[in-house]
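In the two complexes that follow, chain A is the common piece, with chain B as its partner first and chain C second.
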Partner chain A sequence: MAALPRRIIKETQRLMQEPVPGISAVPDDTNARYFHVIVTGPEDSPFEGGLFKLELFLPEDYPMSAPKVRFITKIYHPNIDRLGRICLDILKDKWSPALQIRTVLLSIQALLSAPNPDDPLANDVAELWKVNESEAIRNAKEWTRRYAMDN
Partner chain B sequence: MSDAMVDERVTDEIEALKAILLDNELNIKENDRGEPECIETILFPSTGEDSQSQYVCVTLIVRLPSGYPDISPVINLRNPRGLDEDTVKLMQSDAEAKCKDFIGQPVMFELIELIREHLTRSNLPTDQCAVCLYGFREGDEFTKTECYHYFHSHCLAAHVAAAERYYREEQEKLPQWQQDTTNKFQAICPVCRESINCDVESLWSAPPPIDVEAATDFSVTAELRELQKQMAALYLRQQQRGGIIDLEAEGVKMLVRTEDDPAATTEEVSPPGTSLTAYSNTTSVQSVTQVHSKQSTHQTQNNHNSQYQPRQMQHNHGHNNHNHGHRHRGRGRAHYRRHFDRVRQAESTPR
Partner chain C sequence: MSGAECESDMDCSGSDCGDAGYEDYYSTQPWDGEIDNDINFDKQKQDPEYAVYECLRVDEVERLLNENVEFLTTNLQITPSLAKLFLHAHEWDLQDILLKYQDNTSNIMIDSKIILSHSVDPLFNMKFLKGNLCSVCFLTFPTERFSTLNCGHSFCNDCWCAYFETQILQGVSTGIRCMANSCSILAPEDFVLSLLIKPIMRERYQQFVFRDYVKSHPQLRFCPGPNCQIVIRSKELRSKRVICSICKTVFCFRCGMDYHAPTDCDTIKKWLTKCADDSETANYISAHTKDCPKCHICIEKNGGCNHMQCYNCKHDFCWMCLGDWKTHGSEYYECSRYKENPNIAHESVHAQAREALKKYLHYYERWENHSKSLKLEEQTLEEIKLRIQKKVMNASGTWIDWQHLFEAASLLARCRYTLQYTYPYAYYMEAGPRKELFEYQQAQLEAEIENLSWKIERAETTDRGDLENQMDIAEKRRITLLKDFLEV
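Presenting the complex of A and B:
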C-alpha cells in the first residue's frame, strides 16, 4: 500500500475503534482512499430500516478538498439524484478540513431525516415532495423496502 | 415565587461584578421584572497584562433561579477554546461542586476564580489540530486565530492556500459579469468559519507537526476484513433485488473512465460498483512524491525552530501570495472536474 497521509490513517483507525452508531465505513483492500460505507436509514424517516450502501473516495489533496461521496443503493430523495449523487453544501463550497469522514456521513444521514425539496438535485422527486408530500414519502418508504432492506 | 424585591445579596454581587469586570466582558440579562436572571462572562487565564500569551478561554454562563443564592445557580460553559473535552468536563463538575458549597451565599466570584485557575493551569492548547487531527507537541509551531482556534502553522497554511486556489478556480468558472469585482479572497477559520487574517508565506515556513511525522502506519486488521466481507455480501444481496444504481443503464459509463486517463487502459481489479476508484489510480502517485519533496524542504529550512513556538496571526500583506510548487495539485483538481463534466453531459440528455 502506498504511503497515505497520516490524517487518513488516523481517521480510519478512529472509525474502527469508535464507530459511529448507524454508520460503518471500511477502507477497500486495494485502495485505502476508497471506503465502502453503509448508512442506516434514520428512525422516524421514510428511510427507517434501510441499509444504504455508499462509496466514498478521498481525493489526492484531502482534507483540503472534500471527499467524493455517492449512494450506491437506490434511494428516493429530493437531494439525491438517479446516479446517487448528493446535493449537500459541505461536499462542495462549504467544505472545511475540520470536517471528517464521520462528520460527512453523519451529515448525509441527517439529510435523510430532513429532505430539502427547495434545493433539489432529483427534480421529479423534489416536485412530488412539494406538491404531494405524503405520496413522496410513500414512494421513499417503498423504495427503502424494495431496495435497501436486508431480509 | 419570591417577592418582587431583588435580594440584596444579589444586587451587591452584581454591583461588585460591574465594578471589577470590563463592560465588554460582562453581560447581565434581566427578566421583565428587572431581576437579573443570567450572567455571562468570557474568561481568560491569568497572565497579568500579557494578553498575547493567553491560549485558552471559555464563556461562563450562570443562570440565577429565583431564590438564588439560597438555591444553586445553573452553570454552563460555552465556546471553550484550546481546551479538550475532559478539561471542560472537569471545570463543569468543579464549578457545580463550588455552587453546592456556597448555597446561601453569592458564588459568582468564587466561580470566576475557579474557572480562571483551571484556564491558567491549562494555558496551552490541549485539543488536537482540526486539520491533521494530531496534538501540539514541544517544538511544534502553531497558530492561534482571532477566534481562539488552534492549528499547526503548517496545517493552516495548507488550508488557506487550498481555499484560495478553490476561490480562484470558482471565480474563473463564472462569466465576467458575475465575478467578484474586488477579486479578494478571504480566508476563514476551518472550525468556525470566522474570517481570519494570515500570512500564508510565513505559515508555510513552519515544519510539519511532530506527531504527524512520527505516526505509525495503518494495516488492515482481521476485524476490518470481516467488515469488508459483510459489506460485499450486502452489496450482492441488494444487487440481486435490483437495488443497486446501475450507472451503465443510466448512460454514464464515462463516470469512471476518460480517454486521457492512463489508468483507464489498464484493467484494474476493482471492487463492485466502484465508480470512484479511477480517480485514485492516477492521483496517488502524485501525492506521494509531492509530500516527500515538501517535507524535505521544510526540514532543512526549520532546523533552528526547536522551541515550542506559538505564532501569532499576522496581518496579510496583500493577496498576492503565490502558491508555488502546487501545480501537481492543480492538475489533479482539473482532472476530477473533467470526470464530473462528463457526468453532467450524460445527465443533461433527455430521460
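Presenting the complex of A and C:
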C-alpha cells in the first residue's frame, strides 16, 4: 500500500489526542484508511442512551473526494436508509477538501439531534416523521433501545 | 446510408435516397432553411411546425462561441476567461451582460460567482499562510507554490491540480468551485488550465467546458442521436421539430426528446413518466389479438390500420373500441373521446380511483396502439417496396409510377405520429368547450388516417387520384389541429 499522506496521519493523531466529545474514531489495525466509529446518541434526542456503530473509509483520492461513511447499527432516522447510508450534503456535492473527518463526524452527530424529514433518504420514515412526529419518535426510541443498547 | 459514408456536405436528397425510410419525407421538405431568411416568414404562417435552424459541426460552434467571447473582451476590456464566466452565467445574452456590467460591475461579478459579496475570513489566510501551510495537504511550501482564487482562498498548486482532476473525472468543469468549505466562487478557465498538468486532463476539461457551454446556450442543442457530434442552432425557443442533417434524428428542439406536437414539453414528460410508472397496469393491453365482435373468431392485427375486416364473417369493425366501423368517420365518431362520468365527484373514493384508472387506460391504450400502428405500417411499406420492385422488374410500370405510394406512406407516418401525440394532450386537458373542439378535430384526423391506411394497404388496387385525395385530406386535418392547438 502507498505511503499514508501527511494529512491523514495528522488528522488521525488529532482524533486520538483530542477526541470529539461523544464520538470515538479508531483506525483499523490493518488499514489506516478505515475507521471504526462509535457515536453516542445526543442528549434530548430519541437516540439518547444509544451507541451507534459506523464505518468510515477514506478513498484513494481523499481529501479531494469525501470520506465514505455508513451506519452499521440499525437506526430509525429520516435521513438514514435501511443500508445505513446517510443523506448529508457535505458527503456529496457540498464536500470541500478543506473539511475533515472531525467535521464530518460532528455533522452526523448534529443530524441525530435534528432530523430533517424534508430531505429524506428513508421515505417511509420521513413520511411518518412529517404526519405523526410523536409516533416516529416513539419508533426511533424503540429502535435505539432494541439495536443500540444491548452491547 | 450512414453518416460516415456521407463525406462532404450531406445533400442526400438524390434518387438513391428514395428508400431511406419515413424521415425522408421530412428531410426532403424544404423545412430547414437558412437562419434569418425572409421567405421563412410566410412558411411560418402556413405551417405551425415550421422552424428555422441549422446543423453545425463542433468547429463551427466553437467559432460562434468565440465570437461572443471576443465581443465582450473588446467591449469590456476583460480577459476571455472572465468573459466566459459571464456568458455561461447569463445564457450567452450579450446585451444583458453589457447592461448589467455598465449598471453595476461588482454586482455582476458577484452574481457570476467571480468575487464574494463579503471579504474572505481574514483568519483563514492568517492561520495557514503564515507558516506557508496548505490547509488541504497539511504540508508547507514556499509562497510561489501557492495559488489564490478571486475569493482570496489560497492552497498549494499540487492540491489545486489534484482537486481539479477529481472534479473532471466526475464530469464537472465550468462548475468547479473553490476548495474552501462553503465557498461558492468558481474557478475560471485560465486558473484551471494554469494548474492542470496532464495533457489528457486538459483535453477532457476543455471537452466538458464545451459541452457545458452548448448546454447553457439557449440557441444550441446537441443532437440526441447516438454518437452524433452535430449541434443544432435555432433562434426558435419553442418546442419545434428539428432533424439532424447527419444522423437524421428527429427531435424537439426545446427539450431534446422525441418530437411531441401538439403536446408541450412539460406535459409529454409528465405523460412518459406516468406511463413508465404505470407500465405494469397497462401491460395487459399489449394484446395483438382480439375476437371479432360479431362471430367471435380470433383476429390477429398485422397491419397498422385500425379499420379491421374479419376474414371469417367480413364484419367491418374498429380495433380500438370493437365498435361497428360504419359509425366511425361520421359526425358521431366517438372512438377517440373518453366519456367522463359527470357525477364522479359524488362517488366514493374507490369509484373515483377506478374512474381515474379507466380514464388513463383509455388514453394510454390509444397512445400505445398508434405507436404500434406506426411500426406495423413501416413493415407494410417494406412489403409494398418489395412488390413494386417485382412489378418494375417485370416491366409493369416504372419507378416513377409508384413513387406516389412512398409519399403516401411517409405522409401516413407523419399524420399518425401527430395523432399518437394528441392523446397525452387530451388526457391532461380540462373538460370544456376547448376539449370538445380538440376531440372533434382529433376524431376527424383519426378517421382520415384510418381511411388512408386502409387505402395504402390495398395500394395496388386503389386509384391513384383517390389516394392522393385522401393524402390531401389527412394532412389538412393534421395542420388544422396543429394550427388550433400547438401552443406557438
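Following the convention adopted for this analysis, the second predicted complex is superposed on the first by the 147 of 151 C-alpha atoms of A that agree within 3 Å, B and C clash if a C-alpha of one lies under 4 Å from a C-alpha of the other, contacts with A are read in each partner's own complex, and residues count from 1 in each chain.
By definition in this document, a contact is a pair of C-beta atoms (placed from the backbone, for glycine too) under 8 Å apart; a residue touches a chain by one contact, two chains touch by 3 or more.
Quick caveat, the model's predicted, so the values are computed rather than measured.
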| item | value |
| --- | --- |
| Partners on chain A (chain B, chain C) - clash or fit | clash |
| Partner chain(s) touched by A:E43 [first = chain B, second = chain C, both, neither] | neither |
| Which of chain B and chain C A:E55 touches, first, second, both or neither | first |
| Touched partner set for A:E133, first chain B, second chain C, both or neither | neither |
| Which superposed partner A:P97 touches (first chain B, second chain C, both, neither) | both |
| First (chain B), second (chain C), both or neither touched by A:R82 | first |
| Which superposed partner A:K10 touches (first chain B, second chain C, both, neither) | both |
| Which superposed partner A:D118 touches (first chain B, second chain C, both, neither) | neither |
| Chain touching more of chain A, residue-wise (chain B, chain C) | B |
| Location of chain B clashes with chain C - one stretch out of 19-27, 37-45, 181-189 or 235-243 | 181-189 |
| Set of chain A residues, in rising order, touched by both chain B and chain C | 5-7, 10, 61, 63-65, 96-98 |
| In the complex, chain A residues that touch chain B | 2-7, 9-13, 16, 24, 26-34, 36, 38, 51, 53, 55-57, 59-61, 63-65, 68, 70-74, 81-85, 93, 96-98, 100, 146-148, 150 |
| Chain A to chain C touching residues, read off their complex | 5-7, 10, 61, 63-65, 94, 96-99, 103 |
| Partner chain A, residues of chain C touching it in the complex | 135-139, 155, 159, 162-163, 165-166, 179-183 |
| Interfacial residue positions of chain B with respect to chain A in the complex | 130-134, 155, 158-159, 162-163, 166, 170, 188, 190-191, 193, 212, 215, 217-218, 220-221, 223-225, 227-228, 231-232, 234-235, 237-238, 241-245, 247, 250, 252, 255, 269-271, 273-277, 279-280, 283-288, 291, 329, 332-333, 336, 343, 347 |
